[in-house]
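Per-chain residue numbering starts at 1, and chain names A, B, C, D, E, F, G, H, I, J, K and L are given in the order in which the chains are listed.
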Amino acid sequence: MTDRPSILIINGPNLNMLGQREPAIYGRDTLADIEAASRTKAAELGLDVDFLQSNAEGELVDWAQNASKSHAGIIINAGGYTHTSVALLDALTVSELPVVEVHLSNIFRREEFRHHSYISRAASGVICGFGLKGYLLALDAMAQLIRPD
Amino acid sequence: MTDRPSILIINGPNLNMLGQREPAIYGRDTLADIEAASRTKAAELGLDVDFLQSNAEGELVDWAQNASKSHAGIIINAGGYTHTSVALLDALTVSELPVVEVHLSNIFRREEFRHHSYISRAASGVICGFGLKGYLLALDAMAQLIRPD
Amino acid sequence: MTDRPSILIINGPNLNMLGQREPAIYGRDTLADIEAASRTKAAELGLDVDFLQSNAEGELVDWAQNASKSHAGIIINAGGYTHTSVALLDALTVSELPVVEVHLSNIFRREEFRHHSYISRAASGVICGFGLKGYLLALDAMAQLIRPD
Amino acid sequence: MTDRPSILIINGPNLNMLGQREPAIYGRDTLADIEAASRTKAAELGLDVDFLQSNAEGELVDWAQNASKSHAGIIINAGGYTHTSVALLDALTVSELPVVEVHLSNIFRREEFRHHSYISRAASGVICGFGLKGYLLALDAMAQLIRPD
Amino acid sequence: MTDRPSILIINGPNLNMLGQREPAIYGRDTLADIEAASRTKAAELGLDVDFLQSNAEGELVDWAQNASKSHAGIIINAGGYTHTSVALLDALTVSELPVVEVHLSNIFRREEFRHHSYISRAASGVICGFGLKGYLLALDAMAQLIRPD
Amino acid sequence: MTDRPSILIINGPNLNMLGQREPAIYGRDTLADIEAASRTKAAELGLDVDFLQSNAEGELVDWAQNASKSHAGIIINAGGYTHTSVALLDALTVSELPVVEVHLSNIFRREEFRHHSYISRAASGVICGFGLKGYLLALDAMAQLIRPD
Amino acid sequence: MTDRPSILIINGPNLNMLGQREPAIYGRDTLADIEAASRTKAAELGLDVDFLQSNAEGELVDWAQNASKSHAGIIINAGGYTHTSVALLDALTVSELPVVEVHLSNIFRREEFRHHSYISRAASGVICGFGLKGYLLALDAMAQLIRPD
Amino acid sequence: MTDRPSILIINGPNLNMLGQREPAIYGRDTLADIEAASRTKAAELGLDVDFLQSNAEGELVDWAQNASKSHAGIIINAGGYTHTSVALLDALTVSELPVVEVHLSNIFRREEFRHHSYISRAASGVICGFGLKGYLLALDAMAQLIRPD
Amino acid sequence: MTDRPSILIINGPNLNMLGQREPAIYGRDTLADIEAASRTKAAELGLDVDFLQSNAEGELVDWAQNASKSHAGIIINAGGYTHTSVALLDALTVSELPVVEVHLSNIFRREEFRHHSYISRAASGVICGFGLKGYLLALDAMAQLIRPD
Amino acid sequence: MTDRPSILIINGPNLNMLGQREPAIYGRDTLADIEAASRTKAAELGLDVDFLQSNAEGELVDWAQNASKSHAGIIINAGGYTHTSVALLDALTVSELPVVEVHLSNIFRREEFRHHSYISRAASGVICGFGLKGYLLALDAMAQLIRPD
Amino acid sequence: MTDRPSILIINGPNLNMLGQREPAIYGRDTLADIEAASRTKAAELGLDVDFLQSNAEGELVDWAQNASKSHAGIIINAGGYTHTSVALLDALTVSELPVVEVHLSNIFRREEFRHHSYISRAASGVICGFGLKGYLLALDAMAQLIRPD
Amino acid sequence: MTDRPSILIINGPNLNMLGQREPAIYGRDTLADIEAASRTKAAELGLDVDFLQSNAEGELVDWAQNASKSHAGIIINAGGYTHTSVALLDALTVSELPVVEVHLSNIFRREEFRHHSYISRAASGVICGFGLKGYLLALDAMAQLIRPD
């Protein structure tokens, strides 16, 4: 284990299906592609990364709660739970860590019910619409949040 | 394993309690009764059936995601998650299978919050209000969806 | 006249145009096709069928009112009046017969104003999204409603 | 034909079913009972009565339009069209006659969608909740509207 | 004191100002005129009348609560409290007496906030738009409510 | 019968009363005046005209459905059904003809419930507020829709 | 008694607690301070003042009703009844006097339910956010309303 | 007078009718029963109690305002004013005392308009649904609020 | 195992973090503190307690379903699922046990989305705003619900 | 300068981009084409035309204000300001000229936020959905508004 | 230039048209009259005044931004931008000056869309309904805001 | 002029005030700081930058319209116009360029009216909450949009 700050990247439901899921919306990159690119980017930024995915709301809550012991920040793409989970909002608040919210697609151009995010209330900032690239921008933003110039 | 098409029947939260749960609304049939009747009906239609139940939203998501590898269609009674789960809607869409939504009761005659279904957006059709019989009608409808005349 | 139970199938406005009306939504079957298939299915179920269509709300109300004298149940596809007719809801309630509501398309995937049905308040159950097949499923469901096992 | 003022009493959809329709809500009186009682009451008040019923919105519109040629006032129980018919509202306004709106039941204690009446915008007053008696009160009110003291 | 049934007529805020208050809406009759006409009408119907007015919500509540000891029914024009007083609704319910709601003007042709009445939930019926005459109709309706044929 | 393109002009409820109906809103022209002016204008444009009026929603639906066999376009002033008829919207869509929606008054300056039109969803364009003249403008617009330069 | 015009200043619930009530919002002035300053200002303007306070809605209604006999205008800070009292709105209208509405705090920067005022419908104008000073401005405005240049 | 802390228990409109008012909802206990049980419980907790009831909103406001001089906390069941009184909310805030809100019934299972409480904004906590027992729990909670361990 | 009635206390997501989570809102007590105090209180009341916590909605559903076999009542603090879980509401209803809903904070003074509880529809009563103490009050209330005097 | 009446045609934001802007919605005509056709049409009608375009709300307001000095009527296509500009509505009202509102597309078939027009409140009539032709119809309508037969 | 504090009075769109614009609503005073009266009043109060008007939102934003360098307070009548301009709200906040919002008419008695003001969020207080006089009251209020006793 | 792709960075109202405007929300960086950092970042990415600011909605519209001739993409922080400008949305769509929307603060944690953006409908993606850094991330994202790997 290094002593570089470690960032927890949490992926919510259905993100394990990337690459096959509605590519017109989500693109052709798989979650493994995103993980690999995130690890490369993090290394450039002097950061470690833990990269997790689950379809279970409770598991996302567990991870967010525990992050404060071991991580310096949370990047989260909560998928469908973005719009429905007060429990996850509360868990992110509990963590007291800087949070960056990411979405692959521009959720504001999709169905009305995807325009509202509970998660945003606990996030420093939001990045959406840039596919895989959004995770790299989020790491960049996080690096600055935990190590402001 | 047969080479007959297999249909995944997914049952959501509290359906394991059928028979004892508010029989005035849900009737006296147990989930085992529904499974048995569904298997009989499927056999008549030349279909195999996998019949699952869970109270955990994440597990329902897992099953829906995986169905496309092994099944020809999904019949789903998502119980209380019908009205609250974007994650499950997304998982059904990911599956790219024909989906039939079933409810035991006529949800449009119950509380206002039960009138809205996220699941319907991913479903070919909806059948509600016919108790156990609704599952058999759903199998009938599914047979035609996957083997149109 | 037979002594088999007779089911009244009521079709509302524009259903006389089936086959030419927006086939991407409603399919290629004509109302005559639906009537023929319904008669065949009813015969299998030991049921008689009266099959009516009108564009006039008042006529649909008349038919529903009168059904209790001569019929054992009503299957209704009220077309555009589904969403706007309290008069028809009241007429179905007056009939005191079991009612099955049918729609060719999945109305929950269409315009917002098609998601609400006054008719549902008087119906035992709803079947939508299965085209012509939906009428046959409705007959099946009706058979059980009037002759439960 | 007398030269007494004549009042047109218009009854909308399903009122022909009175006596058998949900007696807990609408009571046991038939429309014939209401007509007979109305004629007796009108005679006491020195009024003639025309008493009509139809399930067809267009026919109600016709009657309201024509009333100004032959009648001194309109008493209307528009049934289900109360809540949905702009056409009937416009026809009552066209008539330029005093209009009294009647309902057998107290519509404000029933389903939410029965609380709103388009008809009220064209009515001098509203009487609801008194069953058959409400028609007699309406005649009383009308007598004063057309012959104020 | 007679042994005729006694009806309590409750008048709410600003009804003491009748005759001078917006005569285009409320007419030229004073509350004294209404009381006199109500007493005459009641006598014809074999009823006694108590006729009260107050601008204080609490006093109206008191009167409605106490009515059950001494009266056979309540006729109420709650004025502005019609639209805002849950306390008065509860008091009328507590009384367990038949209640007739009266309004001088047709409240459904006025400002939007006057279309909703809490009182209606506790009333057998509603009469509005007929000025002074409405009180007499209400007595007529009440006579029948407490002495149905 | 000529071989000039024929335009169906459909008039909805209460338009037969023009000239006497609320002239401050609808003007002094009668429907016969509008028909005459429309026929003159159509002749100038090399068009035939069928000019119909009905108070019955179902009849309007019938006419719209049948138009595609015999007409090149539909001009419709649906009166009160503009705001309430899904059935008429569907019938206009079924016709697959160009549709021009006309209103005599500027419906956007009237009551809130007149601001919404179901008909507009099936119309190429809308013309409102110009009285009789609006029909002539609609013919002009229709001429171009069916014979673009 | 002078023959100077007299202005009625009505203060609603909780204004008797000024000085101790949430001073961050309402300031340190007591109602006595406001009365004294109002009397001084009124004297400068050649006006008499009656200055009243009550926590009872009915009493405020009484005062507003009676004002027309004895006063030339009403300045009212209705406190919490501002947002809930139709009865008080009606009483102010009944008075047929010019009315100026005052609030100590800027109600539009506070909770959402304080943004709506029934009183405003009966007021010539509104002044809010200036504490004690607002009463003096209201007197100034009133002076002009009753004695326009 | 003792030197034990004194709690003011305020009861709003219609609570004087307990025991006879809708016993299915409110139970058979009278307000005197509640007062007696509250006094016993308070004595156990070393507290004094003042126990008041009024149907008048203004009187409730008066009591709440004055409480801070003489009491250590307020327990309030505001009855129908719970849902409509901003004045009472303000008075409770003015008191600067700990406030416990009590309801006999579970207001969240009743009509929609009973789900919203203005009072809650000024309360430390809310207890509802436990009938008479709820007052005793409220005293228990209050004891801790004014004498935390 | 004793033969004392056993109460199931269910704690939802993030309650395992008490003591560190936003202490200004939730206080300094840990869930272990609450459990200990609850056990002491239960013993005094002659009750057994099972005390559970989970971040997973499905697990909460499981526990509620199973409670009826082994417990006499359920006390539940559903955390973030309070506001979003129909599944949990249904599970509590299925249990057919008395349910008491508890919240540490006064949810009606927090964000708008925390004001609505699905759980309340299945609860006998609600206690909120009293921190750890609220659990003890809930046990007190439960004791009475299962052993009314 | 002629002494023919002059019509001011005002074009709002982005209309300078016509021809290249979303031609599927707005067609291939440029604003220069529209101006040329409008001038030709105006000449036929004996009218002069001033034809202006601006992206600046304030400039549109200036033009509308000044029009009354120099013009006989205003035809306006306010583009995006149609839906958001109270200032422009007020300026059109200030002008006291007849106003005709034009839109190239049928705004009622587009996004929800384009269905509402502030401009309509100041317009005699509205013409939408006919592309360039709509301007010519508007001139025709304007000719009649300023020179009624 | 004096060393008296200078107040910036900003007038928004259409206020340059005062005197001719809807005099029933806005009165007969011109903006020049208001400026003259404001200058006189300011002089009495020992204040300087800059008095500006523009129809352009951006220009109003510029003025508000720059005011803090040169002025001690802003009085603003933002006309139609009151209801639609977040940019102007932000500019007033940026200025960090005391702001008084003025309207000539009582906007709460006009169309619904005029009841909401973005400006109020940045204002110390609001004065509306007093015509020209309102500006003088605003200067009075401003004098106290910048020079409290 | 280089032949590197040029990005237009558009800044809306009040962004010229950065550094002094509510630094708790917007930070201490000035717009010049942001421009300098953006130029440095762009150079690293092989991009040219035009950096503009205006308080005038029309000017922002002009810039967006013209961008397609000279630029490869638009980064826009529309300030207060984000929430109110359909005209700007249309101009961005007209440009047919990739658009990245930036906000300094996390608008989803601020007032409700800042949660909605018209701009988002024309944007590929949104970045908010990262202050000056957000512009650099936007450039990074833009580089990839115009030169995907």
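Rule of thumb we're sticking to: a residue touches a chain if its C-beta (ideal position, glycine included) is under 8 Å from a C-beta of that chain, and two chains touch if they have at least 3 such contacts.
This one's a predicted model, so the numbers in the text were calculated from it and none came from an experiment.
The set of chains in contact with chain D as well as chain E is empty. Of the chain pairs listed in G-K, D-E or B-I, the one whose interface repeats that of A-I (more than half of its contact pairs identical by residue number) is B-I. Distance from the chain B centre to the chain C centre is 24 Å, each centre being the mean of its Cα atoms. Averaged C-alpha coordinates give centres for chain C and chain E that are 47 Å from one another.
Within chain J, residues 56-59, 84, 121 each touch two or more of the remaining chains. Working note: touching chain pairs come out as A-B, A-I, A-L, B-C, B-I, C-D, C-F, D-E, D-F, E-G, E-H, F-J, G-H, G-K, H-I, J-K, J-L, K-L.
For chain G in complex with chain H, the touching residues are 12-14, 16-17, 20-22, 54-59, 79-84, 111, 113-114.
Listed in rising order, the residues of chain I touching chain H in the complex are 106, 108-109, 117, 120-121, 123-130, 133-134, 136-137, 140-141, 144-145. Chain D contributes residues 56-59, 61-62, 65, 84-91, 93-94, 118 to its touches with chain F in the complex.
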